[in-house]
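In the two complexes below, subunit A is the common chain; its partner is subunit B in one and subunit C in the other.
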Partner chain A sequence: MSSNLHRERLETAAFRAGYLALLALMLLPLLVVVVTSFSGTGRLAFPPESYSLMWYVEFLDSVRWLDAFTNSIVIGVGTALVATLLGVMGAFGQEIDDGSLGSILAPLVLIPLLIPPVILGITLLMYFNEVGLRGSYASIVLAHTLWATPLVYFVMRSVFSRFDWQQLDAAQDLGAGPVQSFVHVVLPNVKHGIFVGGLLAFIISLQEFVMALFLSTPSTETIPVLAWTEIRQALDPMVSVVSTFLIVISVVGILLAVVATNLEWLSKQLS
Partner chain B sequence: MSEITLNELEKRYGETTAVEDVSVEIRDGELLCLLGPSGSGKSTTLRMIAGLETPTDGEITLAGADVTDQPAYERNTSTVFQDWALFPHKTVLENVAFGLKMRDVPKEERRERAEAMLERVQMGGYGDEDPTTLSGGQKQRVALARSLAVNPDVLLLDEPLSNLDKRLREDMQIELREIHEDLEETFVHVTHDQDEAFTLADRIGIMDQGELIQVGEPTEVYENPANRFIEGFLGDTNFVGSEVVGVTDGAVRVETELGYELVLPTDRDPDVAEGTELTLSLRPEVLSIERNPTADAAEGAEQPVLADGSTLNAVVGTVENVLYRGSTVRYSVSVNGTAMFAERTGASTDALTAGEEIRIEWDGTDVLAFRADGSRVTL
Partner chain C sequence: MAETNSQFPRSLEGVRESLGQQSGSNRALLLMAPLLAFELLVFVVPFFILLRISFAEESSDLVYAEGTWTLEAYSSVLTSDLLWSIVGFSFLLGVVVTVLSVLIGLFYAYAIWRSTGLVKSLLLFSVVLPLLTTLVIRTYAFNPLLAPSGTLNELLLSLGLISSPIQFVPGTVGVVVGQLYIVLPYAVLAIYSVLATMDWHVVEAARDLGASRPRSVLEVVVPQAMPGIIVAAVISFAWSVGAYAAPDLLSGNITFAMQVEGLMLSDMRYPLAAAFSVVMLLLMLASIAIMFTLLNRLGGEFELA
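Let's turn to the complex of A and B:
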């Protein structure tokens, strides 16, 4: 009995140690990136020979990097808006109408995730050339939306599955039309989920490289695209600075999501 | 005026039929209970009246107007749901005022009306509460206030009391009854609880397997059930298998599984023949129990039709079990190996004990008979 208990504890401890080691191994590169961004020399080396903020100053002085930064934010926000709208509407529509169209929606939405981004990138480039969208923000936003929509859709599916649909019945029964009942009753219940879905879409767009490489022009190039061009010329700590910014944005995003989903829990703890 | 007519209403989900050929006229101002076991289609019927489900076939009129294709938000019906479906992110007052807000009633007026409605259901002062913190009974009252606040032509109640405990449920039944008498509006109340239906209803509609079998006043459906299902569903009864052994003028003689031949008096042609299998229903309230059976009854011999048309039927059995239920005492009795039960009021002084020989008597006119397909034999 006690030896069993002992063994169980040992196994748990071993599992935790192994798990943490694996996690550390995966997170270590992030640490390297952040540390090297504070390098005082022009060489990308770990650990750096000296520390300074010179590459941050350089970044803030570079018009090209700042433009890329702006582009990434614009495209990210655009993607988040379009993908959230599509993902939420798709998941909502599927909940309220159990027709045959609904049953093929999930696999249909998934398709873009299964196609290699290189192929998507080339195809979209040709397609956008045809319709005259080449070089616009819209082309990259649409491409990223193809990837982000399924993620928002699946997040919302799970959010809606926890929603008490009788509330929608009650709202309509009390005279609320489709739009009113969605705004007054559904939305307040799922707004945290929508926020998380949108954030996910934003982060996906922020990081996407392959399709952006095909679709961007010098005036719309995003951070990953510019980073790639720069690395090909010179491997300096500027790349680390840019990466650090991306990491910080993603981490802040995740923290926001945690706060949003646990806001009620948090307020209950504080009250 | 807010009478409702359902005309050959039908609802199918793929292969399964939830509601089949339901036709009924619900009178203005009446309280109709739709009663049936779960899965009988009563909630689906209610949801079709509300507009929350679209009928596959048939039509619904409300105050004379065809509303079959009208969505829920355009119908002036209002539903109290089983789980109440209060909006958790709104206060109690906002919940009650919601319908008025959707009707563009000015803010101040809807606040006043919502508060008045909360007073009416004895929830005054709870306006600022979070509905999720309320007890079941309080939520039920808020849901009722929310539905009544929009001043509906028809109030639809979808088993709203089934999640309450017995005492609270009975209190709410009386309150609902009072509110109904006050408002003189049409109420349709769905329930699976016979007692609740008998307490509340002006008329009861009994549903089984998607069909509306009988609609009538409580006494009518209880005393004059249309088929065997209703007889069994509305109260406890003894179903006794039997076979017709002779039809004479004014009487049907049957051989029962109790081992006795019984006589059912009739004043018409009952449309049964020798060999027809019948199920007899002996309700406990028509049975009387005697101690010390006399020898002649034990033989189960001649049981003549008396001058007033009644017959005295009697069987002898052994008490197997005594179940004390407070107001009544129920006796399980074995009659020649077949189980029956009979009841006495708990107040009767000479309690019977297990193993005693007893005699059960009843008047033959109180017996209902059903054919093998469940249909009633008119005696």
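Let's turn to the complex of A and C:
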């Protein structure tokens, strides 16, 4: 009996040590990025030999990085708008009537997530060449929407499935039109979901890089694409500065989403 | 941008007008139509064009010769030893990363499921944050850590565990670690979202009946988590076989994605790139189908035990 107890205690200790080690390893690469951005030398080393803000000053002076930043924001906002509109409407439509069309919609929306981004990038590059959209913001927005829409769509399906639809019937019985009842009855109940969906779409677009690499031109290149081009030439702490900004944006985004809903629910939506 | 912008408000306006008159199912149809149209125009049609270009002849002045039909691109893909060795390495990377990702993902998801309060939030946060961080960052961070003059080697050297630096990066260890870090968050969340719906009392019951803790996990938790494990395996596999960033930055070997990027962007050989992509997609689909069957059967066997 005591040997059993002893073993159980050992198992518990090993289990705890295991997941705490994994926790540290999961966060370590991001810590490396943030810490190396404060490097005082040109060599990317962890921990840095000395600390300074010189690379932040350099970033703010660089037209190329700031342009890429603008491109990323434009494409991110565009993606968030289009993906949210498509995802919310699609999920709402399916909630009203889940017919045969609905059963094709869910897998069709999901499949792009399972195809390696390089293949999507190639396919879309050939396609946008044919239809003359190559090099436009729209081409990248559409590509990112392909990835962001499934998230908004599944977030909204989960939100709509928790909504009490009798409220909508009640509003309509009382004489509200379809638009009126949607705006006054459904919207207040699902606006947090819409916000989180849009936010996730924005972050996905901001961080996506393989499709953007294929589809962007020097005038539409996003932050991750420029970072990639720079990394391949030389690894210097500048890329850590840019990365730190991206990480901070994601942290703020997660916090906002958690305030609007909760972390547990958010995590389930991402899978 | 202008084109898409003018299209969507118009379709919204149309929906709004017709909402007033249409019956429920027509209304639903109208709401789903934009999404369906989008998926057709930006996903289905492009794949048919990819397929079409894979059957076109190469051209010296254009990216491909329009209106021609040939199997040339496929025969060059299928007979090239170089391309097959690249395919081999890509699949090897995919299998290794998938196995590690599912095992570690299951462990981590289980830890999240069993923890409470602040620890649970912290564990979830540690998965969600990397997931929402660009591939580029997740990849290059391993360079200062694993390079011959990097943190890990210096640590091992100063501890006297090794006498000369080990080259993890560029190398196989580096690319496996880098790619694992890219897919692990998805695997963890896929498994966790299934575990979260499970009843802990079932596991407790198994333990009360005398099952050891590892055994109760293996025989009770794993079979029930199988849907999540399958999703985790499919995502890890698909993304690792098609890996681009991690192999390019952390390995000396060439993967399918790097090769096809070169064919497209540097060599401008569209038919060959298209045919290679189609062959790769078919191979991946076949592997995923096999994996799906195997895992499903595994789940079934465990349920019987």
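Just so it is clear, the second predicted complex is superposed on the first by the 244 of 271 C-alpha atoms of A that agree within 3 Å, B and C clash if a C-alpha of one lies under 4 Å from a C-alpha of the other, contacts with A are read in each partner's own complex, and residues count from 1 in each chain.
The rule is short, and it goes like this: contacts are C-beta pairs under 8 Å (C-beta built on N, C-alpha and C of every residue); 3 or more make two chains touch, one makes a residue touch a chain.
What you see is a predicted model, and the numbers here were worked out from it, not measured in a lab.
Superposition of the two complexes onto subunit A shows subunit B and subunit C fitting side by side, with no clash. In the overlay built on the shared chain, the residue A:119 is in contact with subunit C alone; subunit B does not reach it. Comparing subunit B with subunit C, the partner in contact with more residues of subunit A is C.
When both complexes are overlaid on chain A, the residue A:73 reaches neither subunit B nor subunit C. Using the contact criterion defined above for the overlaid structures, shared-chain residue A:177 touches subunit B and also reaches subunit C.
Look at A:108: by the touch rule set out above, it reaches subunit C but stays clear of subunit B.
Contacts of A:167 after superposition: subunit B is touched, whereas subunit C is not reached. Contacts of A:185 after superposition on the shared chain: subunit B is touched, whereas subunit C is not. Of the two partner chains placed by superposition, A:54 touches none, neither subunit B nor subunit C. Minimum Cα separation between subunit B and subunit C in the superposed model: 7 Å. Overlaid on A, the two complexes show subunit B and subunit C touching the same residues of subunit A, namely 177. Residue ranges on subunit A touching subunit B, taken from their complex, read 164, 166-167, 169-177, 180-181, 184-185, 188-189. Residues of subunit C touching subunit A in their complex: 1-4, 8, 12, 15-16, 19-20, 24-25, 27-32, 34-36, 38-39, 42-47, 49-50, 53, 63, 104, 107-108, 111, 115, 120-138, 140-145, 149-151, 181, 184-186, 189-190, 192-193, 196, 213-214, 228, 231, 234-235, 238-239, 241-245, 248-249, 256-257, 260-261, 264-265, 270, 273-274, 277, 280-281, 284.
Within the complex formed with subunit C, the subunit A residues making contact are 8, 11, 15, 18-19, 22-23, 26-30, 32-33, 36, 44-47, 78, 82, 85-87, 89-90, 92-94, 96-97, 99, 101-102, 104-105, 108-109, 111-119, 122-127, 129-130, 136-138, 141-143, 145-146, 149, 153, 177-179, 200, 203-204, 206-210, 214, 223-224, 227-228, 231-232, 235, 239, 243, 246-247, 250-251, 253-254, 263-264, 266-268, 270-271. In the complex of the two chains, the subunit B residues touching subunit A come out as 47, 50-52, 71-73, 77-79, 81, 83, 85-90, 98-99, 101-103, 146-147, 150.
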